[in-house]
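One structure, pasted below without further comment.
By letter and in written order, the chains are A, B, C and D; residue numbering begins at 1 in each of them.
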Amino acid sequence: MAVRASGQPVRVSQYRLSVAPEEWGRVAEEAAHVGLRWGGLWAEDRDARIELTVVLEQCGIYLMVRTRTTDLAPSVASHTAYYPAAGRFERRLTDLFGITFRGQADSRRWIRHLAWSENEFPLRKAYSLVGHDGAAVRPDSGYPFLEAQGAGVYEIPVGPIHAGIIEPGHFRFQAVGESILNLEVRLGYVHKGIEKTAEGRDPDGLARLAGRVSGDATVAHTWAACMAMERAAGIEVPVRALALRAILAERERISNHLGDIGSICGDVGFAFGQYQFGRLRERCLRLHAELFGHRLAMDTVVPGGVQPDLPTDGAHRLLEDGIELRQELEELNAILSENSSLQDRWCMTGILPTETARMLGVLGYVARASGVDFDLRRDVPYAPYDTLKVRVPIATVGDVAARVRVRQEEIDVALGLIDELVSVLPGGPCRVPWSVPASDAEGLGCVEGWRGEHLAYVRFGPDNTIARYYPRDPSVFNWQALEKLIIGNIVPDFPVCNKSLNGSYSGHDL
Amino acid sequence: MAHPLIAWALALLQTLLFIASAPLLAGWIKCVRCVLQNRASPSVLQPYRDLGKLFRKKVVLAEEASWLFRSTPYIVLGTMILAAAVIPLVTVRLPTDAIADVIVLVGFLALGRFFLALAGLDIGTSFGGMGSSREMMVASLAEPAMLMAVFTLSMTASSTNLSTAMHYLLQSGLVLRPAFVFTAAGLMMVAIAETGRLPVDNPATHLELTMIHEGMILEYSGRHLALMEWASEIKLMIYAVLIADIFLPWGIATRFTAWALVMGVVAIGAKLALLVVLLAVIESGLAKMRLFRVPEFLNLAFLLCLLGLLSHIILEVGI
Amino acid sequence: MVAVGLYTQAIRMLAALVLFTSFALLAQTRMAALIRLFAWQGALLAVTTALVALVTHQPRLYLSALLTLGLKALLIPWFLNRLVIRLELQHETEDLRGNAMVLLGAAALTVFSYYVVMPIVELSTLVTRNVIAVSLAIVLLGMLLIIVRRKAVTQVVGFMCMENGLFFAAVVSTYGMPMVVELGVAFDVLVASILFGVFFLHLRDSIDSLDVDRLNRLREADE
Amino acid sequence: MADPNLTEGTVLTLALAYLAVASALLSALVALATDRYPVVFKITSFVLLGAAGISAVAAGVMNLLSGKIHTAQLGLGLPWLAWHLRLDPLSGFFMAVTGIVVLAVAFYGPAYVRQYQHGPQPLSVLGFFTGLFVAGMLLVLMADDAFLFLVAWELMSLSSYFLVTYQHQYASNRRAGYLYLLMAEISALLILLAFGVLAQFSHSFAFHAMRHAQVPPFWATTAFVLAFLGFGLKAGLIPFHAWLPEAHPVAPSHISALMSGLMLKIAVYGLIRFSYGLLAHIRWEWGLVLLLMGTASALWGVLYALMQHDLKRLLAYHSVENIGIIFMGLGLSMIFIGTGHPVLGVLGLIAALYHTLNHALFKSLLFLGSGAILMRTHEGDLEHMGGLIRRMPQTAFLFLIGCLSISALPPFNGFVSEWLTFQSALQVSVLSNAVLRAIIPVTAALLALTGALAATCFVKVYGVAFLGRARTRRIRHAREVHWSMRLAMGTLALLCLLFGVLPTVTIRVLGSVTKLLLHRGLPSASVHGWLWLTPVSAGVASYSAPLVVFGLLLALGIGYVLLHPRMSSGAIRRVSAWDCGFGALSTRMQYTATAFSMPIRRIFNPVWLVDESTTVHMDPREPLRVASVEYQLHIGDRFWPMLYEPVSRWVLSAARYVSRIQTGRVRTYLAYSFVTLLVLLWLIR
């Protein structure tokens, strides 16, 4: 492979590589051969040429492989033959940029519903944001789902509007009676144009936007975006801010896991668990509101540090809360694990085998419950985790019960980390002033959010403006796992399987 | 025995009381459940408000709905009222009790369910069909268990007429019947399955894919929905009254005096209130079963009823 | 309806409950729950013995009741439980396909034992004679449990269950066996359970499973 | 008994019966001419068939009401054995049932057979054999000697064979017909043997001689077993049912109605005639066999029916179920008679007879309904139907009544007979045999399971075929059938309701049958007036169908009046069904028949031979990507590999063994003949 290794390290763990467009397919081939993890793909319209970047990772080292094509509607080889997860990224780029991926098995539209036409490409520079009326768009009912054949097979369409208060997404089951033969997920209902909106913003503006990519992972997304910007600008964040960011991230992890475990109980009709865990989550969120001024701690992470410093009694409150939470959880977890009717629903439901998990490149607790042992905080330690010892809970079965157990243990680990961080919370400022980066400066932020690895790519344009922002939510990979783990299960087990995964619709759709 | 006209009037009154207090029972269950889950509970009268609201609302029908869909709420409610009419609530020996015995009662419930399941299929959506299919699965396994329980009762009292049987039980005084212990347990399980309570169906769920009862009535609105809700509340009441009256018949009026009738009302009220607390406690500790565990659950119910019957034959008759 | 004494009613109720525990044993798949049920059966036996002692004024039956309680409701279940924990079988469940058929078969066995016992019942003069049918049924159900289950622990429980049936018959119909016999039997059972425990440990070590169907490998016939 | 006191009633009743047979035969003859003169003769043939039906009903009802026995001898048949004919309440009852269904078919036929007019097979064949078939059934009912009985039986079997193979262009029909013929002949052989056993002791083939014969218990049981096997085979009892779901559905629908609705009942008649009428002492063990076989048939039949998605096949399996229920009633009756409780025996017999009547009505109705669908849509597969309630509203309504009746739901007729069966089963406390006391309630619970499963099955049938949306173009363009067909179905539906609402009257009339067979009726059933049905006594059980209907109508009426749009909240708004906001519900998103019965299949899985496979093809270009999913399900009858295939293998190998004598040389055959001749001469020496 003719690789022109022009890369100088951004950080020790990140490298860049450029290849010719015709070599694009071989990138995947070689990467798969070596066993690299495929971590995301984005494109950019630079001077009427498309620049494609794929992120690959192994052993904590990130490799950004890049190619520049000669026109705006290029045709490059697809990566799907080696990395099935690439399919949705590529279909997305086809919809947004008009790039053709050769050799792709699935060329149906993905992110595009009927809001813009087939010949419009919103992420090209030429596409203007103004001049579009906000009229309601027809539902995209003509999307060609896979139809299972055979007498007695029927389809269940569920969503985009669901009975519960959850985000919109369409699930199309091919089923016979209660057995699910196949499932296709159709997303894109909450495509908000995050990437286009980001263009031209200043760093503070981008941080605010990143916090709104996916509300439940606001700290993770903002941190990833800030990390990317700070790396691009070469800013050293103060240690106190780093510690506070980690505390925020861990608290986010705890509150979301609590809420999800409650919902997983609720989805199998175990109201006791639902309300108890719901109560604990609410307590968490109220403490956030008191300490950080926002229930979800939105906009607390800012470029160069953390915005409101922790109140003086904050450390004490956090420690106290941790102790109480531990006590309550100890009781509740015992009740959950001893309730055989509950365990019966969770065990052996929605199994994601390790091999499938690896092939799809799933992340976070979904991966860890299926035996894929990867956690950025331990394997690619970024400050302040580089000074901490992070225990990573692992399960191998890959069923709902395993995902719940991994989450329960992650709460425990997170509580431990918070204790450690709070007890040695360094002093000093919690924000440094921003220094304007050079034009074209770029950075890649990698953060282990509560769902898993968040990536954020930022490239600056002139005058401290953002030229390109791409946040890659871990959900993009995890959503694909849902389609696999549900096969062979029965229809009424779907809600609990889905909730145990809990992909972000918004984080996926952008 | 009082004058036939008075008896018929009493029967009518009892039926009205039965169907009018059914929402109260449903409200009471919700209350108890909330208390058990550390939640603030709605008023006991909330089901009445819900029904009132639904009755006032306009009906929105699916384009595909046929006459069967529109008439089903009336039929379902009609069968439930009919079933309620033949169950002794406050007093035994009313003329309505003879219209149908307990097997016919099961038949009424089956008739209502037949139409309910058909209505689920009428619109042609997958949720309705799913609900119907599941409902019929549960019903077809619950019905034999229920009849087995009924057989034990009727063999003990040598009558399938509820009123006569209860009268017999009252007359024979407090007898420890092993058969009834099993039958009561079996019938409770059947009741849980048939009225769509946890762990068989989750009455509080709105997840389309897991619903049984709610799936079938998904397309109903306005007064149709009100009728359906009311019917399901009456159904719950029917099972509760059956269990309370068969296994704890004491307190029910055997004469038509005012005092006896008042006592009858108080007694059944107290029994139902307690029974519901028991039900709520059971519900709170359980998750909903996986759909294909439900047959095992009902098999167990059937087995219990069968054991009841066998222990009746072996331990009670052969003496 | 013949007026029946409270004692008879109570004995019948206990008989029915013991029978029920036997059925429940057949229906139960979880090891821990199985052992708990078995303990309950033992406790019910103890209560029955105590009741008979109370009514017939035989103090030695109280001792027998205590012995039953200690051994069958506490010691053996505790021992089995420890064994299960040691062998890490707590969450183990047996695959019970066609269990409905087994349960129906169990019901048929109950009817059958009644049928078999009928001539004896007609001869007997004891008020509790019908209980003999139940005892026989419990024995037969224990045997059924041994036959249909594959896990060795379940089979031990089935064996004990058979013994319980015999004991029940002895207590109710003849007001208990002589003390010496009882002590001997109790001791035998204890020793048997310990032997089983040792046997399991060896079984697991040698064939790496407690699935007794695996013992098929030991037979010499070619397959 | 044989005294022909030629009163006016006798003459009239017998004349009506003769008329019925004669018109059926005439209808057959007339039908032969239809090929040349289609319109006139088609009508005439059916008019004659209708006349046969009317006169059969008249003869039967007159006989039932009078309760008298009418006998006659015809100078036909063998030299030493004239044809003995006899009409008594039992045959009268079955004749009336036959008449009703034949009448309905006669209404239904002319419009229905139009579709065969230009088919490859001549219409005349259909009409000819239909006439013969009906005549055969009527003659079986009138036969009073074994010879005539068997002649009529063969007439019935053979003519129906030709009806089954009417559309013999399809190989499956030929195969079904062959199987049917084979089973029918085995059945006839067994019946012949059963009569032979009795004739041995009565020294006559006439039934009146058999009635008075002293048959030792062993031979009585032998005769009963033979008769039970013979008639059970013809009735489609498990495990002899395999021919039934093959043969009944392939015949034209009105013939299916006759076969399922009537011919199976003739077999029931045969068994009742044989065991109650000819064998003097009924033993309870026979009853137990009947009860157990009946329960097995009922359960097996309904479970298999649930798995079918071909409408007529499904209905055929339901016939197995209902025959099982009838046999359960008979079994209970025999158990009670055999243990010395004749009153309860009457109850069981009445339950069985009532169910016979009911099954004839609703099964014919359902087969005629399926014929209506088939005629308009050429579609027999439930999976392709849907939404017919909008295209064929009246047929849909009538079919619904059939579904309600067969599902044993009050206040329709099927419920009454099942209720009576339950009541009969619940009287077990009188039995001293404890095992019986334990078994009977369990069979009753299994009957309850059967009923509930039947309801499930018909929710499936009605829901998938008539409700929802049309799945194919043909269904979308279906239209209502001719009024005469609707009239036929309507009559049957009305009768379904009537016999459900007026059980007391029916039971009183049925009393003359039980008086004949068991010398007592069931006076307790209607002792409280026509309004109250109290099979044993008012204290034990009571049911008032008229009041139930009244109460239901009252509740519906009040509800409707109170809640009618005018009274309450205004007009009804129509919108499209809830689609979760996706916007395109298609017919693929409807629940299918296979899907509907899937939970039941999963629960009772060992019952069937399930061959289920899901083939998933992955896309070669992308790992993990599903390119296509194909699901296949085949449900087989376990009795094929368990019983039929071994038997057929055995027969084949036996035949191969025997075939060694087949040399192909003429002289050898002559030698065989010669030896046979010698043996015969030696035998008759």
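Criterion: a residue touches a chain if its C-beta (ideal position, glycine included) is under 8 Å from a C-beta of that chain, and two chains touch if they have at least 3 such contacts.
On a predicted model such as this, the values are computed, not experimentally measured, just so you know.
**Student:** Which chain has the mean of its C-alpha atoms lying nearest to the mean of all protein C-alpha atoms shown?
**Tutor:** Central chain is B.
**Student:** Considering B-D alongside A-D, which chain pair is linked by more C-beta pairs in contact?
**Tutor:** B-D
**Student:** Report, in whole Å, the distance between the mean C-alpha point of chain A and the mean C-alpha point of chain D.
**Tutor:** 64
**Student:** Just give me the whole-number Å value for how far the CA centre of chain B lies from that of chain C.
**Tutor:** 37
**Student:** Roughly how far is chain C from chain D, centre to centre by C-alpha average, rounded to an integer in Å?
**Tutor:** 49
**Student:** Mind pulling the chain B residues that touch 2 or more other chains?
**Tutor:** Residue numbers touching two or more other chains: 126, 129-130, 133, 208, 291-292, 295, 306, 310, 313-314, 318.
**Student:** By residue number and range, which residues of chain D touch two or more other chains?
**Tutor:** Each of 434, 438, 442, 579-580, 585, 589-591, 595-599, 602 in chain D touches at least two other chains.
**Student:** Please list all residues of chain A that touch 2 or more other chains.
**Tutor:** 154-158, 162, 177-178
**Student:** Report the residues of chain C in contact with chain D in the complex, numbered from low to high.
**Tutor:** So the residues of chain C touching chain D come out as 98, 101, 107, 111, 114-115, 118.
**Student:** Can you tell me which positions in chain B touch chain A when the two form their complex?
**Tutor:** It comes out as residues 33, 36-39, 126-127, 129-130, 133, 198-199, 202, 204-210, 283-293.
**Student:** Contact residues on chain D for chain C in the complex?
**Tutor:** Listed in rising order, the residues of chain D that touch chain C are 434-435, 438-439, 442, 606.
**Student:** Please output the residues of chain D touching chain B within their complex, sorted ascending.
**Tutor:** Touching chain B from chain D are residues 386-387, 389-390, 400, 404, 407-410, 415, 419, 422-423, 426, 428-429, 434, 437-438, 441-442, 444-446, 448-449, 451-453, 455-456, 458-460, 462-464, 467-469, 532, 538-544, 547-548, 551-552, 555-556, 559-560, 563, 565, 568-580, 585, 587, 589-591, 595-600, 602-603.
**Student:** For a test of understanding, state which residues of chain A touch chain B in their complex under the given definition.
**Tutor:** 154-158, 162-164, 177-178, 265, 267-273, 275-276, 279, 339, 341-342, 344-345, 349, 490-495
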